[in-house]
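Before anything else, here is the set of structures, which you'll find just below.
Next come two complexes built around subunit A: one with subunit B, the other with subunit C.
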Partner chain A sequence: MASRDVVSYDTPLSRALKVLAGLFLALYLVWTLLPFFVMFVSSFKDLLEAFKLPAVGDWAGITVFFEFTPTFKHYTSLFTENSFGTYILNSLIAAGGSAVISVIFGSLAAYSLSRVDFRGKQDLFFWIISTRMAPVVAVMVPLYAIFRSLDLVGTLPGLILAYTTFNLPFAIWILKGFFDNVPFAIEEAQMVDGSTRFQAFRSILPLVAPGIGAFVVLCILFAWNDFLFAAIIGSGGAKTLPVATRELVQPQNIQWGSIMAAGVVTTAPMMLLGLVIRKYLVTGLTMGAVKE
Partner chain B sequence: MTDVSPISANPRAVAAQIFRARAHSAEVEARPQSEITNRPRSFNPPMPKRYYYYLMAPAIAILAFISLYPFFWLIVMSLQDVDIGGGEWVGFKNYVKLFSDGRFLDGWWLLAQYSVMCLGLQVGLGVLLAVVVNSSKYEKYLVTALLMPMMMAPAVAGLLWLFLYNGTFGWYHWILQSVGILDNASILASANTAMYAIVLVDVWQWTPLITIIALAGLKRVPRDQLEANMVDGASPLRNFFAITMPNLYPVLLIAVLLRFMDNFRFIDSVLVLTGGGPGSATKILPVYLFEVAFKFFKLGRGAAIALTLLIVTIILGKLLVRVFEKPQNEKG
Partner chain C sequence: MATVTIKNVWKYYGETPAVKDLNITCPDGSFVSILGPSGCGKSSTMRMLAGLEHISAGDILFDDQRINDLAPKDRDVAMVFENYALYPHKTVYENIANPLRLRKASEDTIKARVTGAAKLLEISHLLERRPHELSGGQKQRVAIGRAIVREPKLFLFDEPIAHLDAKLRAHMRGEIKHLQRTLGTTMIYVTHDQLEALSMADYIAVMHDGELQQWGTPAEIFNHPVNAWVAGFVGEPAMNFLTCDIKGQGDDVLLRHSNFEIPLLPGQVRQLNGAAQAGTARMGVRPDALSISMTRPDEAAMQGEIFVNELLGGDMLVEVQLDDCRIRVKTTPEFEGKPGENCFLSVNRDKWHVFDAGDGHAYF
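After this line comes the complex of A and B, so read on.
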């Protein structure tokens, strides 16, 4: 823990600043967390109760928000009237499949990229990373045409492959950083002792295993949260949660209760996973620019 | 020098060996002096590279299939008139048309507006938040709370905000009306406010990313400089601009570029919230591209638009990678 401000005078100004800072922080937290709260609470409300609002300007009327009798019917209807069970499974298979493929091949590639130098390596690297950063819609135009000719549109393998377009480069880019931090001397010592190259590679895997595990989770998160690929490439046969949730919005009849419940079902697992890999989350979200 | 044994039965093998050895020494000599002395290679066994290439091959092959091949396909498609049935060559017609396509140019202009508004708000709020969080006792918990919006699928976030913005039962609509900012008009249905509405959702979801990046930058600010400056009588505000900010710039640049590219990348929440409307008030370029390619299935025209979008992204990416690599060079 770094030391706090060594010099801190308690002047009126600094005290005022502190109060302001606290106020700002509190307001920001409310702004960040309120939507979650509304979503969570609304998913237990009956339709009419969810639509209750106080009169404009009637701040005391906010209590209306809490006047309801909790109901689970939106959650049950997700699984009875809609087949959210299937969609959850689709999401799991598509996200998990692409994550596993990406991390297995990604770690092999990241390891070798970290260990070998050759002409054009920077260019290769740039190509890999630009694949990850390309706008999804732009990538999807040719991918859709190709997948259609291969009959991959609307299938889970197609969706897995589509997710791999952003997960594999991501895995290579991040995992290379991990392997860079493992000294080559370890493998060297192993090889001097008579290991083969592959055994030497396996011997350093435990050192990066936690990171690799975390990035399987992170790849799952990115794929799970995707909407565009799922809406176009997965349309029909491979409907995932975000797309299914979106489809609850019908022009004449928007089922808000079900949408909020579906939102909770889609968001909650990812939030839990995020907490589990909290340590690597920041690294992953910032593409390795920040390491905690 | 390599020792060539005269007993060797295969002169070809001997020649190959000599050739390899020469090529290798030439390679070593060709390296700049600094590289040889500064980065000694601990290890140089015969033919080490081939092994690594084998390990790389599957990933490169997959990437080639899902990124390089589609890229060439994209170029081909952009020169064709493709719809559901198939394509015929039309040369550069798709591109020529773009210049007279008002919505294409508007799309770029709206994308620029959208990005600048998002980034301005996110950087401002994000840095302020980072400074406040950095001096808080509960930093760890605060960061965890701030990470939460980023875990949510952007499409779901869009739906959630659609609910909050709703003109008849949306709580945010009610709050804005109660404060007096808004009259009865629906937020998403009027062209004046729709753009701000989608910006706000992006700000809600992604400001914390700037915050965590800035937070990492703040940790790197040298304390001794801050203290020395303080002793010399500088106010905290002056301290912030004279010492903290210059130290923040490099990481902030990364943050801004990352977010900038993400604004091009993700349009999930915009599609869900407005779908580009009302009219085409929020039809930023990727949304327009989505409409052309996947609503009207004009894939050829879509490909031409996609290519322009890709080129801009690649330029931005080149910038980003350069910024990324800088600290590493300084370290070594």
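After this line comes the complex of A and C, so read on.
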């Protein structure tokens, strides 16, 4: 196998570009991380301290930002005065439930589309993905009407169903690519060895595991961060973290401290998830693209 | 152990027939090779035997049981695939054990059978590895191990050694043949390599364009091909063909070419049976049925010019320009002719063939 090194030689131009790239990356880091940093620090500040900001141009005054007595009161109030425990559970159930359902039906559908030839297959496949082409808001009103007539508004099953509607086409689309890359001969060997078609399907699931893993993460992220569905379909009985956070903004009283704390509570689990499965996520998202 | 009977079998892909009215009977315990170029229908035939493709028309029987409508798992066949098709996430041990696990064999049986198969195939030291840690030859042994561990009725081998390097291929030919003899299980072996078929099989079915061309032992296929296509496909270096006129002269019948006139042997005249008297025909002669010399051995010899010499280790292959065509002659490395020199060829008439100029069927 040939070396995979990308050979490059220094020129004055490339050195200048390197410096520029470094500068750009530094700015980009500040731009993306600063909001999280402000959120995290502010969640431990009292209301007054949170608004102690230096004047514009006063770079020395930046220390003011760090002058505060850390307090956990916003976090405790989230779980005592508000029922954030329930909301976290709701978010978990809605995200996890739709991910599990989407993976089960998605892998079955993707396997069929990958393996079986039938008339109108291309059209069906296009139709499945075309359901993702309309923006969510466009279908929100009819979807709400349907859900209300089925008594699904404000319930967790309703929210799971809504997320699944949007995740399933995505699952089929991603997983079909992974199944396409598994040689037919492996299943055929299984079937000759003595398994049924379904057992053969199950036997190749480990080979598409990176794809399934990547999809589950994307699916959970979509549901966990979603606001629109949660606000309209889930409102009332199935309140999730983003909606609950939004409700901390009240006409007379914007609870900045609690909002920041809620932001941390909402963000932290997904960041941790991302760190844990980062390696698999990257293999999953690139493996489908490159045929071995 | 089973006798496999393929009766009037057709396979269509859409409107295209891939296998046309195939009839083969593989005797119990025999090693049968299905030989043909790619696209001849040999793999379709194998997949119909395994149950991976539906049979469009006709019947396949294992002994007296019609298996057309049985799922692969109920046919009790074991198959080795061209690309081995090992399960990449399982160890060698688990790969070989898989068919037994699917049949819910006891753990003791599995262990005994897997270690037995591994010992037979000399892969005992590899059992804990995964397929990606194996070389091509080792993968192929694992695939064979997975097939033999179950002691099935029938083995199906689909070009199993096509991807190995030449030396290993030669070695594996002997191994597989020995294995089949040891186990005594009926084996159907698909290949496009005529050397594999000739060297390993008890019987060869030569296929071309979805049709069975000839069924016979390797010696029959090689020495008595039924038509010009089989004659040209089997044998390496390939048979030479020359278009000749057939001419009666007194009691003799001559094959006449612009370069030579050679009489047929008396028995061959009878086999010609007047059918192609005074017409054109194709004369076929293998490179080893010709002899080359620098001096004219007799009046009937062909005269040509050496085009190129190829030394093949123990043999020398000489390509000779004969008027407007070239023919190849096998000789010894001691042959001293140089390209451009005149030479003479004489033919061993016991080993030549005459084919019909139209449909190519063999007169002898």
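Here is the rule we use: the second predicted complex is superposed on the first by the 258 of 292 C-alpha atoms of A that agree within 3 Å, B and C clash if a C-alpha of one lies under 4 Å from a C-alpha of the other, contacts with A are read in each partner's own complex, and residues count from 1 in each chain.
Note that a contact is a pair of C-beta atoms (placed from the backbone, for glycine too) under 8 Å apart; a residue touches a chain by one contact, two chains touch by 3 or more.
Treat the numbers as computed from the prediction; the structure is a model and nothing was measured.
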Kindly classify A:30 by the partners it touches after superposition: subunit B alone (first), subunit C alone (second), both, or neither?
neither
Tell me which partner A:232 touches in the superposition: subunit B (first), subunit C (second), both or neither.
first
Figure out whether A:137 sits in contact with subunit B (first) or subunit C (second), or with both, or with neither.
first
After superposition on the shared chain, which partner residues are touched by A:206: those of subunit B (first), subunit C (second), both, or neither?
second
For A:188, is the partner it touches subunit B (first), subunit C (second), both, or none of the two (neither)?
both
After the superposition on A, what does A:276 contact: first (subunit B), second (subunit C), both or neither?
neither
Could you say whether A:172 touches subunit B, subunit C, both of them, or neither, answering first, second, both or neither?
first
For A:89, using the defined touch cut-off, is the partner it touches subunit B, subunit C, both, or neither? Pick first, second, both or neither.
neither
Residues on subunit A lying within both footprints (that of subunit B and that of subunit C):
185, 188
Subunit A-touching residues of subunit B, taken from the complex the two chains share:
42-43, 48-49, 51-53, 55-56, 58-60, 62-63, 66-71, 73-74, 77, 82, 125, 128-129, 132-133, 135-136, 142-157, 159-164, 168-169, 171, 174, 177-178, 204, 208-209, 212-213, 216, 219, 223, 227, 230-231, 236, 251, 254-255, 258, 261, 264-268, 271-272, 286, 289-290, 293-294, 299, 302-303, 306-307, 309-310, 313-314, 316-318, 320-321, 324
Show me the residue ranges of subunit A that touch subunit C in the complex, using the header's touch definition.
183, 185-186, 188-196, 199, 203, 206-207
In their shared complex, subunit B is touched by residues of subunit A numbered 2-7, 14, 17, 21, 24-25, 28-29, 31-33, 35-36, 38-39, 42, 50-54, 56-59, 65, 101, 105-106, 108-109, 111-113, 115-116, 118, 124-131, 133-146, 161-162, 164-165, 168-169, 172, 184-185, 188, 197, 201, 221, 224-228, 232, 241-243, 245-246, 249, 256, 259-260, 262-263, 266-267, 270-271, 274-275, 278, 281-282, 285-292
Would you mind writing out the residues of subunit C in touch with subunit A in their complex?
50-52, 71-73, 75, 77-79, 81-83, 85-89, 98-99, 102-103, 146, 150, 156
